[in-house]
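Shared between the two complexes below is subunit A, which has subunit B as its partner in the first and subunit C in the second.
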Partner chain A sequence: MRLVERGRLPRWSGALAVVAAVAVTALLTAGPIRAAGANPAAAYRRYLFTPLTSGTGVAEVLLAATPLLFTGLAVAVAFRAGYYNIGAEGQLLAGTVGAAAVGIFLPDLPALVALPLAGLTGAAAGTLWAAVPAWLRVRGHIDEVVTTLLLNPVALLGVQGLLNGPWRNPETGFPESARLGPGYAIPALLGSRVHWGLVLGLVAVVVVAVVGARTPLGLRIAAAGHAPDAARFSGIRVGRIQVGSALVSGALAGLGGAVQVTGVQHQLTAGISHSYGYTGVVVATLAGLSALGVAAVGLLLGTLTVGAQNAAIVLHLPPQMGDIITALLLLTVVAALVLRRYGLRIRGAT
Partner chain B sequence: MSIGWLALVTATLTVATPLVLAALGEVVTEKAGVLNLGIEGTMYAGAFVGFLASGWTGSAWGGIGFAVVAGAAAGALMGLLTVTLGVNQHVAGIGTTLLLVAACDFTNRLRYAGGSLTQVDKLERWFGAAPVVGQYAPTYVAFLLVAPALWWLLRSTGAGLRLRAVGENPEAADVAGVSVARTRYAALVAGGALMAVGGAFLTVAMLGTFTLDIVAGRGWVCIALVIFGRWRVWPTVGGALLFAVADSLQLQLAISPAFSSVPRELLIALPYLVVVGALAVWGRRVRYPGAYLTPYRRA
Partner chain C sequence: MTTEERAAGAGAPAGPLVELVGIRKAFGDLVANDGITLDVRPGEIHALLGENGAGKSTLVRVLYGLSRPDAGSIRAGGRAVQIASPADAIAAGLGMVTQEFSLVGPMTVTENVVLAGSRLGRVDLGAARERVRAAADRLGVRVDPDAFVADLSVGERQRVEILKALVGDCRVLILDEPTAVLTPQDARALFTALHRLTAEGMGVLLITHKLHEVVEVAQRVSVLRRGRLTATVDLATPVSTRHLAALMVGAEGLSDPAALGASEAEVTGVTSHPAQASHRSQVRRGMAGADEGRAPDEARVPVTPPALEAYGVRVDGPGRPVLDVDEVLVRAGEIVGVAGVSGNGQTELVQVLCGMRPIDSGRVLVGGADVTHADPMARIALGLGRITEDRRGSVVGVLSVEQNLVLEDLATFRRGPFVDRKAVRRHAERLIAQFDIRARPADAVRTLSGGTMQKVLLARALARDPRALVVAQPTRGLDVGAAAYVHEQLRARRAAGAGVLLVSDDLDEVLSLADRVVVLFEGRVAGVLPGGADPGEVGVLMAGGAAG
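Presenting the complex of A and B:
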């Protein structure tokens, strides 16, 4: 088998590719869903529609999408500059530690000081966690993919170490931090569980979109990512742009961690990240690295997450089916986008 | 503080085994020009399938056999994505890892309802509790069979030459009549099988059961070891031993009273940091295979 480039691409072929990818994903998961004793059609209705049919459902979707906005953006910002940061997971965890540290050491601050401080500390911690691989990449030409990946389990161990050690909850004795003071709770939106962290995430989306599309800096970043040699030749300092993007990426992921601590958990727990960092890679890729796309895909995967929790209760489908669908969507969409431009030919035929 | 030196060496060889197997699997795929970030998920799938199938078959070797099949299938999936379709290798690898981990967790939940960890019959150590040589059979296989065989294969055989050729210069290999796609598929399937056996070793030899954090980033460690070893067999094995020494040492330190006040997790993180440090010192300006990350399409 080999690939042959298609001549003319109709305008609707992109949409067709995505529809085909979704159909293949549905087909591939139908068997496992049936094996778990559920009707695939009913399950898909729960995954994709039920969460959107009620007010609380929509609120839960927005809540689930919020961390994905931050990690999706973090990955998109780095990938666009040609810097493969796959460490958003660790950077987000560093951010949770940073934010929780402020809350633990300065418990009585008023919200007006506490929240910005927690956010900044979280972002700074994420930046710091991203700085080591960035520095190694620029100074020693050490592949950032490896180092960012390796620091993910280290960050998780760091969180667990703190929670089993100095930060163990003195009241319950559980490996979770004490609950943070009232100043550290991000206000809710419209009386739901959704909080202002969502708005912060959307602001970040808009800022990244504008910088990317409307400024000379955005153009330089795109050049550094697409054609580093040509960019270098035209005087763009590619290394500096990649390090800058890496640090901004870490800051976004770290901020996402701070938002989860102050907006949802109000304490640090070892399970605070449901692989948000790795899912960020999925979000950014499905979004084609576009900031507005990150918002759209974040909402889609948020819906899927809530739907999967819902299906777990109602249909007794293990919630991991949501993760299976997420991963399959990623793989089928990237595959479909290739097949959109190239046709498969069996060897010999032309 | 006294360290049991013989015990340390014994533990190091055991702990290094899954890393040697999986990292050598990654050497095979990367030599052919494909970065397989599916390694973490493939090890996880190997651990889970090995555990599951040793329950069905009633034998740890049966578990390892099924893990080989699962790893080969994971490699074939990577082949479909990166060789046939030529999608971005980072994305294909992370996607494969996420898919395999989710699929195993789903099955685990269905089968065991998330709780009730069952034990399977573990492999027995050869030579019982004798120091150093008292190891599980796969340890002997990894060090005395797989590593030398791969070294010889890559260095002195036509198959090894073809593998290196499609990873260095696929155009030239193609012109010389070597099928780039077939060679890369073979590398991914064989490499995937090795990774999965490495994962299965964790369940059917070391632990005797399956836990959700059983692999815990060891796949990422292997990616680092391959760079550290500069895509050569013995230096990669050396890197695995380095990680394993740090890992075994932390296990000993954790039970020694002098270190009782050091958080356990800090010690567990030590070997990962050793690998990052080793990369920082010895991983600078390495030369990657010529066609690394590059899909091949005939012009």
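Presenting the complex of A and C:
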């Protein structure tokens, strides 16, 4: 059995592949959901629709989607340039440390100064965390997949070290930082828990989309990512583009970390990232590395997250079921896209 | 080997050991093998001669079951056989030694040999050791069955590969460029061993592009060119390397069927026909003159400034330089051809000139400006146009035709910070019309045929009106019409005053277009000839200057 490339395909076949993937995911998860004692149809309603039927539900979805916008975008930016940054998790954590640091050490700044400073520091910290693997890749041809991935637990250990050591909360004694100064809280949107970080994320989505589709740089990045040799041949400095994309990727993830600190937690905790960086890889892949796709998939996964919490309470489904559905969706979508492009052929046929 | 010896070969059957009949294999629009028929008889070394890309490797891959032919059949020992895998090939009595050996370094010679034929179950290493010894005796070489392969030299490893085939009871041994990795001494030892095998009645199919090897060791030679069998020649009577070179590279003056006879007929002792060859080149000169209003090798037109220069350019490879040219000079308004058997430094020369490969010493100039250390962008800006042999490595498949057309030139297609998409579209539409590109501006380049893709590259390179143009294998895989179009464009560039360096494996193409021909051999300039030179003479230089 082997894969044979198909010829040209109509655009709708891509959408069809995704619909097929969703259907297959539903079929595959129906068994476990039933085994957990729930009606699959009711469960899917909880997962996908219930969160969107109330104002608070929608707010929770947007809140859950916000960090995924940043990490999904970070991963998409790097992947598009042919730089496989799996380290958004570590870069996001570096960003949380950066933002928390200014919030702890300069607590009295007014919001107008404090918030941009926290964002910039977070982005800078994420960039720094991404710079080492990028440098190793360009200088030493060391695979960035390995280095970025392995720096994630290092970042987490760094956060835990800070929280158990110098940054331990002096009032409570818990391994969490002191609360940031009052100027460091991102204002909420429309009186909900949703904050302006969401808007910042959407702005980033638009910027990345426009740069990618409309600018010379976007074309160069696409060329460097898809055909580095041809890009080099055309005079494009591929190494520079990949390093640049790696650093922007780190900055976006770090900014996402800063947004979580200032928008949600208002302090640094060891559990501040619910694997947002890793989920970012899923988001970017499901989005086909498109910036607008990242926004759409971010919202979908946000819905699933909130739906899973809902289903856990109402249907007594294990909360991990949401993660299982997300993971299966990733696998089936990737498989469907491969099968869209390549046909299966049984050996021997000519 | 004399006829007597051949007949004496241990009761060898009279018929061929293996026959390929009408083998055809195409990859997309490239026909790698086009109706190839040849056989290997008992007691002969049958050479398969051809340039890289002529279809030799495809043919042996088909024979050894690594690739399925589109048409044609294979017969072994007079019976039709289906060879769908190497296992089938081994069962049909074939053995193959490739250039990359398939040996396990940390295992002994015996273990490697056993590995080749092992089924499930117990392995009797003692008996295997004896079989290795027996096979080594047949081959007339000394091999320690318990030596670790990792400790052996390249020549010894090759012998182990041959032993593997012999232990597998092969009757026809296929060797793919066996001397490419050997010292001259090892190569002689190899041929001595092969002669012992053919004396037993085995057949050998020897793939090579080294002419002197063919003349020295083979009984017959089949020459492939562009996927077709040019001729099968009996070497019982001496044939010059010059003649074989002409068959291989397709110099028409010598591959004339009238001079050779039909491909099946045995040609006896044809050397070159100077009269005929020079007549041919006269004809070509006449044609070129009619085409262009200029005769390539007549007294030079007034000396024009150099468009492209390379001096003392060296690129080191393993052992010896892969490129070491004293001077390559292209003046404005001329086409300089680069001829040579492929793999003699042409690819490296093109990469160096295009700025895709650093050099170890030397200087490169475009329009008089030193670009030795300049990147492709700077060279493009100075007026260098490039069309390389690696088409797919020159375009970005997922991007559209219009995007690829402006990729080298994005700075001029912008409005503010954005790509000026209307200008890009207009540019593409103009080039599509001008170069007759059969595609729409928004089509992904990946979906185009080879010929159309080549036109996109041509359009991109020529749209900037380059003063120096490096062109490699511009018509490979193109149909006749598309090839003629490319030639016409190159001539037009020359007429417009550009200096063109044309690198091609197709000697006809080089001789018909070029004003001067630089012949490369083993990375060095073997000679510079006027355009329209005698193909036989070029062939001699291509073959390393060996006397014809």
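We take it that the second predicted complex is superposed on the first by the 336 of 350 C-alpha atoms of A that agree within 3 Å, B and C clash if a C-alpha of one lies under 4 Å from a C-alpha of the other, contacts with A are read in each partner's own complex, and residues count from 1 in each chain.
We take it that a contact is a pair of C-beta atoms (placed from the backbone, for glycine too) under 8 Å apart; a residue touches a chain by one contact, two chains touch by 3 or more.
None of the values given here were measured: they were computed from a predicted structure.
J.: Output check: A:266 vs subunit B and subunit C. Expected answer is one of first, second, both, neither. What do you get?
T.: A:266 contacts neither subunit B nor subunit C.
J.: Counting residues of subunit A touched by each partner, does subunit B or subunit C come out ahead?
T.: B
J.: Check whether A:161 is in contact with subunit B, with subunit C, with both or with neither, and answer first, second, both or neither.
T.: Touch partner of A:161: subunit B, not subunit C.
J.: Considering only touches as defined above, state whether A:137 meets subunit B (first), subunit C (second), both or neither.
T.: A:137 contacts neither subunit B nor subunit C.
J.: Would you tell me the residues on subunit A in contact with subunit B in one complex that are also in contact with subunit C in the other?
T.: On subunit A, no residue contacts both subunit B in one structure and subunit C in the other.
J.: Can you name the residues of subunit A that touch subunit B in the complex?
T.: The touching residues are 1-3, 32, 35-36, 84, 86, 132, 136, 140-143, 145-147, 149-154, 157-158, 160-162, 164-165, 275, 278-279, 281-282, 285, 318, 320-321, 323-324, 326-328, 330-331, 334-335, 338-339, 344.
J.: Contact residues on subunit C for subunit A in the complex?
T.: Within the complex, subunit C touches subunit A at residues 68, 70, 84, 354, 356, 375-378, 380, 386, 388, 390, 392-399, 403, 406-408, 410-411, 413-414, 417-419, 421, 447.
J.: Spell out the part of subunit B that touches subunit A in their complex, as residue ranges.
T.: Within the complex, subunit B touches subunit A at residues 35, 37, 80-81, 84-88, 90-92, 94-96, 98-99, 101-103, 105-106, 109-110, 181, 216-217, 220-221, 223-224, 227, 263-266, 268-269, 272-273, 275-276, 279-280, 283-286, 297-298.
J.: Spell out the part of subunit A that touches subunit C in their complex, as residue ranges.
T.: Against subunit C, subunit A makes touches at 7-8, 214-216, 218-220, 222-223, 226-227, 229-237, 348, 350.
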